[in-house]
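We call the chains A, B, C and D, going by the order they appear; numbering starts again at 1 in every chain.
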Amino acid sequence: MSSSFGHAFRLHTFGESHGGAVGVIIDGCPPRIPLTEKEIQHELDRRRPGQSDIVTPRKESDTCRILSGVQDGQTLGTPIAITVENEDQRPGAYEEMAVKYRPSHADYTYDAKYGIRALSGGGRASARETIGRVAAAAVAKQVLAALAPGIEILSWVKSIHDLEADVDPATVTSEMIESNIVRTGDPVAAEKMIERIKEVRADGNSIGGVVECVVRGVPPGLGEPVFDKLEAELAKAMMSLPATKGFEIGSGFAGTRMTGREHNDPFRMVDGKVRTTSNRSGGIQGGISNGEPIVFRVGFKPTATIMTEQDTVTNDGQDTQLKGRGRHDACVLPRAVPMVDAMAALVICDHLLRQRGQCGL
Amino acid sequence: MSSSFGHAFRLHTFGESHGGAVGVIIDGCPPRIPLTEKEIQHELDRRRPGQSDIVTPRKESDTCRILSGVQDGQTLGTPIAITVENEDQRPGAYEEMAVKYRPSHADYTYDAKYGIRALSGGGRASARETIGRVAAAAVAKQVLAALAPGIEILSWVKSIHDLEADVDPATVTSEMIESNIVRTGDPVAAEKMIERIKEVRADGNSIGGVVECVVRGVPPGLGEPVFDKLEAELAKAMMSLPATKGFEIGSGFAGTRMTGREHNDPFRMVDGKVRTTSNRSGGIQGGISNGEPIVFRVGFKPTATIMTEQDTVTNDGQDTQLKGRGRHDACVLPRAVPMVDAMAALVICDHLLRQRGQCGL
Amino acid sequence: MSSSFGHAFRLHTFGESHGGAVGVIIDGCPPRIPLTEKEIQHELDRRRPGQSDIVTPRKESDTCRILSGVQDGQTLGTPIAITVENEDQRPGAYEEMAVKYRPSHADYTYDAKYGIRALSGGGRASARETIGRVAAAAVAKQVLAALAPGIEILSWVKSIHDLEADVDPATVTSEMIESNIVRTGDPVAAEKMIERIKEVRADGNSIGGVVECVVRGVPPGLGEPVFDKLEAELAKAMMSLPATKGFEIGSGFAGTRMTGREHNDPFRMVDGKVRTTSNRSGGIQGGISNGEPIVFRVGFKPTATIMTEQDTVTNDGQDTQLKGRGRHDACVLPRAVPMVDAMAALVICDHLLRQRGQCGL
Amino acid sequence: MSSSFGHAFRLHTFGESHGGAVGVIIDGCPPRIPLTEKEIQHELDRRRPGQSDIVTPRKESDTCRILSGVQDGQTLGTPIAITVENEDQRPGAYEEMAVKYRPSHADYTYDAKYGIRALSGGGRASARETIGRVAAAAVAKQVLAALAPGIEILSWVKSIHDLEADVDPATVTSEMIESNIVRTGDPVAAEKMIERIKEVRADGNSIGGVVECVVRGVPPGLGEPVFDKLEAELAKAMMSLPATKGFEIGSGFAGTRMTGREHNDPFRMVDGKVRTTSNRSGGIQGGISNGEPIVFRVGFKPTATIMTEQDTVTNDGQDTQLKGRGRHDACVLPRAVPMVDAMAALVICDHLLRQRGQCGL
């Protein structure tokens, strides 16, 4: 079930980067939720290649089509299938990679696992795989808007290489994030980051960074002990995204250097609600949301495909060299932002329905 | 399915800290695997309270009993149920906590989710819940020894508070780790860490730290794209452990500050095998093991229960104060080591059987 | 996941007939449901051996113990573990069966599948395995009583061998069924059936029969297209019971001999409700309950263990003979009734929670 | 997960009868299995409307397209998505049914469950939904041919209305079944059945019947106690097909009228193999295959849509009448045969991979 995610709000994705199409089936979606291709296309356009001059210039319209589960702009409660046809396939660009394993790519491991792999493009290991997730998340956001209005999911670039952005999770807005092509909430850092990405790309190199995400307005009570703790589900969701190397919530690794006296979040009654006066817990305690903003960070490695000669081996066991070709992102962070948004929406929506099933809302 | 973990090698845990018993059912275990209570008890003893003078002095023998699935020291292929009776219950120590929410504990969130919670002890949120995981992992290790001999899983304390241990994942041994009660591979750091834990405890405070884990000898090909990537499954497994705040694999968050040229792991043929000359990937590429050691780190926050007056609220919405009582670990790290071992073993065993099912071994 | 059943209300059973204990974990049970060992014991007593002089005289008290998930008579929303210790183990009675495969038993197939089997008793293939199901169903009935009051589940012996009982699913009561030890709603047939069972047993032979079940008061809307149709889930539930050979719902196989004009259930408005004037659909249309009584039948084969010499083979491939020993039911029907009740309750409860999760109630 | 089936070989279907397309994703398929659209189209053509003059004349080519998971005629081990575009949509034919509930259809229950339903055609309750199953089964058959050659799955019409066919499960061949448009192994009965279907159709009425299926060459050891017994999985698979009313295996309901002495299958050694000299078990004992032919029967009700005025109600609660329109099968049996084949193939393939995962092959 490697391509399925979620228990109550469940998605099943498919598609190689250079096959006929990529897509997703969403099963378990509540009925009578407003949904058209417009909401889905909006999210797909945020992850699309060619959207700005710091991402891959690949030209793909990524136009979605709803095949089932929706009638006259409303969900039927039955499986929603969404497909995006593949375009701009240039197998030519990949001939060399069919015999040489790209360093730090999935070429070798797919061969080791399956004894076969998609020879053109990255197959399932391509970032193109995330189209299904993003499309499903657009549906999840419609469900959240209908069943738990007020939930707000925002992700932004927190750092690129050694450049840190100064963004306040409590006040950052979608407008601030989308106001710059690098998708950070700090306009000053944005300029530096864009410059850095262009420098690195010109050098045939690549860089990584960190995406931060806040989910505001989550009601207390979401998340399930013991294995499906909300932070565990978020960790899996984020670490299933291509190129991720780390996940931390609330105080994260820095919290391991604090004492309990410094780290604990005191409770206080505010407007008749149980609140905490600090949020080192990151909005989750014992695996269950406590009503405070859920805040976490996801680390992305530098893009593996670089325009530089590197040592590698052939699929018949010969040492050789390989230099990247084709059109790739020198930095995935700007396009990773909508992917992090998407996975967060999927986890929250799934747990909202699970909570309604077991405990009622 | 909040208390179930794994697809092919599947466990289901149960038990509150102060109920009748805690335990686990393991379903899908291969038949004819050597297994007795001895192997299970060995692992349980490593996580037991009262095992040294830097952990909670709670006296619990944690004696396991196999109820099913095993005959004459061999697994039957049917569900293996293992229970550990609860002892040393002193509800008295918890009366105050029944009405006052412990800061940074799950008391409030369980009430918010279920409208009820175990009033004595931490219920499912207690570290006692991990007994079922550790018992199941002892079985998983027997399966690995039988089906994939040579796999070695080792975890150790990498840091406590601001004290770092110097341990080489390539050469550290079980003996080195178990040679000191803090369970690190660095004898010098061990002394300092033990001292620090005692100081902090004497001060009625607590501290956290980082556990590092290496899995050596994993065959290439384990892990499933897209959502069940091996690092995603490990992340969920680790972040489902109590008190965890972060997970990183290979280069982790530090890797986000490198360039692709620095970060990529070149391939070379060594003794006819495809190997990498560096391991910033942490043994996993595209979600699938590549045969190199799998290396990851897990961050644990300082213990929430401290012997210090803190601000909190009552379950009827009054501001109040609470000072911790009862016997608790001032630092969970030494006991977290076998828990990290356990979750790693469960993930690897599950994916070994999944791989055999889909692709054969 | 061979010993797991249900999606939202999920159970995991364990236990060989002659191991330490049998039992079940229930995960996903709503919180704050009234529950004590009393309700569970009541159902277990209905399936217990030795309860009347037409069932096996085996003496087992089958006393249940709740290990977790319940506090002061209320469910916590966490996993509920229930165990029943095994008693009265007489391996002696099974020595011969350790080497000779009992005809129409699972001895040979367990060896073929696992290469090992429980040598004493029927292992997981023993009717004793159903204790976990019946215990879980007692919990399910408490959930139904709380969330959907008015649902009534009644099963009875419809036929034994060639003896048919005349029972009206619309009016039969629990009292009528429990008024005779064979558990049928027809007192006249009951006498004949009891007599027949005693004759057959005296002859060292065995007989089978059919159990009929009605579920009254199910709200419209339960059941999920396409694979989890309510009748499909009931069919699996019933065919997973030991010794079952067939399942039919509503008109069943007899319906295949009717024309559409005879078979269709016309709709009429009655007291403002959509009702059908006949119920050949058996309360389910398109896999979803329509509010009419759900009526189905389950066929049970004659008990395989008979006190007669039969041809069989040894586990080392020699032709031989075997004559049954030990104490067995000559007819499982009276004890099958509570098992059918139980599986029906589990399916309805699971789908009630699934419906609440996706669509609300 | 109402539209998912299988654990190891897992499918997810989607599609309303009159939406954009219907289809399926298959996840968990072994890699390097020969597969092209040809094998899939062959099975789809067997279930297609308009294939003979006793089935619905609806004209739909049902042309399949593989979107992913296959490269150069071989499976990649990644999800295989298959779609079939919908054609010949004539919403006009359904206007009346948008407000009037068709008796013994799913119109009312879908409204009761979801509060909305596909107004044109049968939505997910249409037989068109089975396209995804049949396509997935074509893949399953390729897997079986590769991993367990010699398995043969054959289904045929055993009875229509009161007409019984005389077919020997041990010797019937695909050629015999496909030699007549009604798909039975008895040429004499075939003529009578064809005639009966035409008579009934001319009368604006419909009839049902029974499909029998044999699976020959299944190795011993498939099927999992206790809930996923092979017969339980087959029962669910078959009862999830539209219009099914009953399932029985081996001796079935007739077996409930036999004594144990008559019913038990004696074991004998034949050519060094453990065999039974009779097969009232239907090839499954204790939920696990015993190597004998698996034989079961599935009852189908008469088609609900008839060209006769019937009592029904409107979706706003008024009593009314409705006469069927559109083009429908007067008897689904000939087209049900490939559906039963398909579900049997899916169950066997899933359990073959599950067995390989837990026990090896």
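Convention: contacts are C-beta pairs under 8 Å (C-beta built on N, C-alpha and C of every residue); 3 or more make two chains touch, one makes a residue touch a chain.
Quick caveat, the model's predicted, so the values are computed rather than measured.
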| item | value |
| --- | --- |
| Neighbouring chains common to chain A and chain B, by label | C, D |
| Winner on C-beta contact pairs when B-C is weighed against C-D | C-D |
| Separation of chain B from chain D, taking each centre as the mean of its C-alpha atoms, in whole Å | 46 |
| Separation of mean Cα positions, chain C and chain B [Å, integer] | 39 |
| Interchain centroid distance [CA atoms averaged], chain C/chain D, Å | 26 |
| Set of chain A residues in contact with two or more other chains | 1-4, 13, 28, 31, 77-78, 113-115, 124, 225, 359 |
| Complex interface listing, chain D residues touching chain B | 8, 28-31, 77-78, 225, 353-354, 356-361 |
| Partner chain A, residues of chain B touching it in the complex | 1-5, 7, 13, 101, 103-106, 108-110, 112-115, 124-125, 129, 159, 161-162, 200, 205-210, 220-229, 231-240, 242, 244-253, 255-269, 272, 274, 276-277, 280-282, 284-291, 299-306, 308, 310-313, 317-319, 355, 359 |
| Contact set on chain A toward chain D in their complex | 1-4, 10, 12-16, 19-23, 25, 27-28, 31-32, 65-69, 71, 74, 76-81, 83, 113-119, 123-124 |
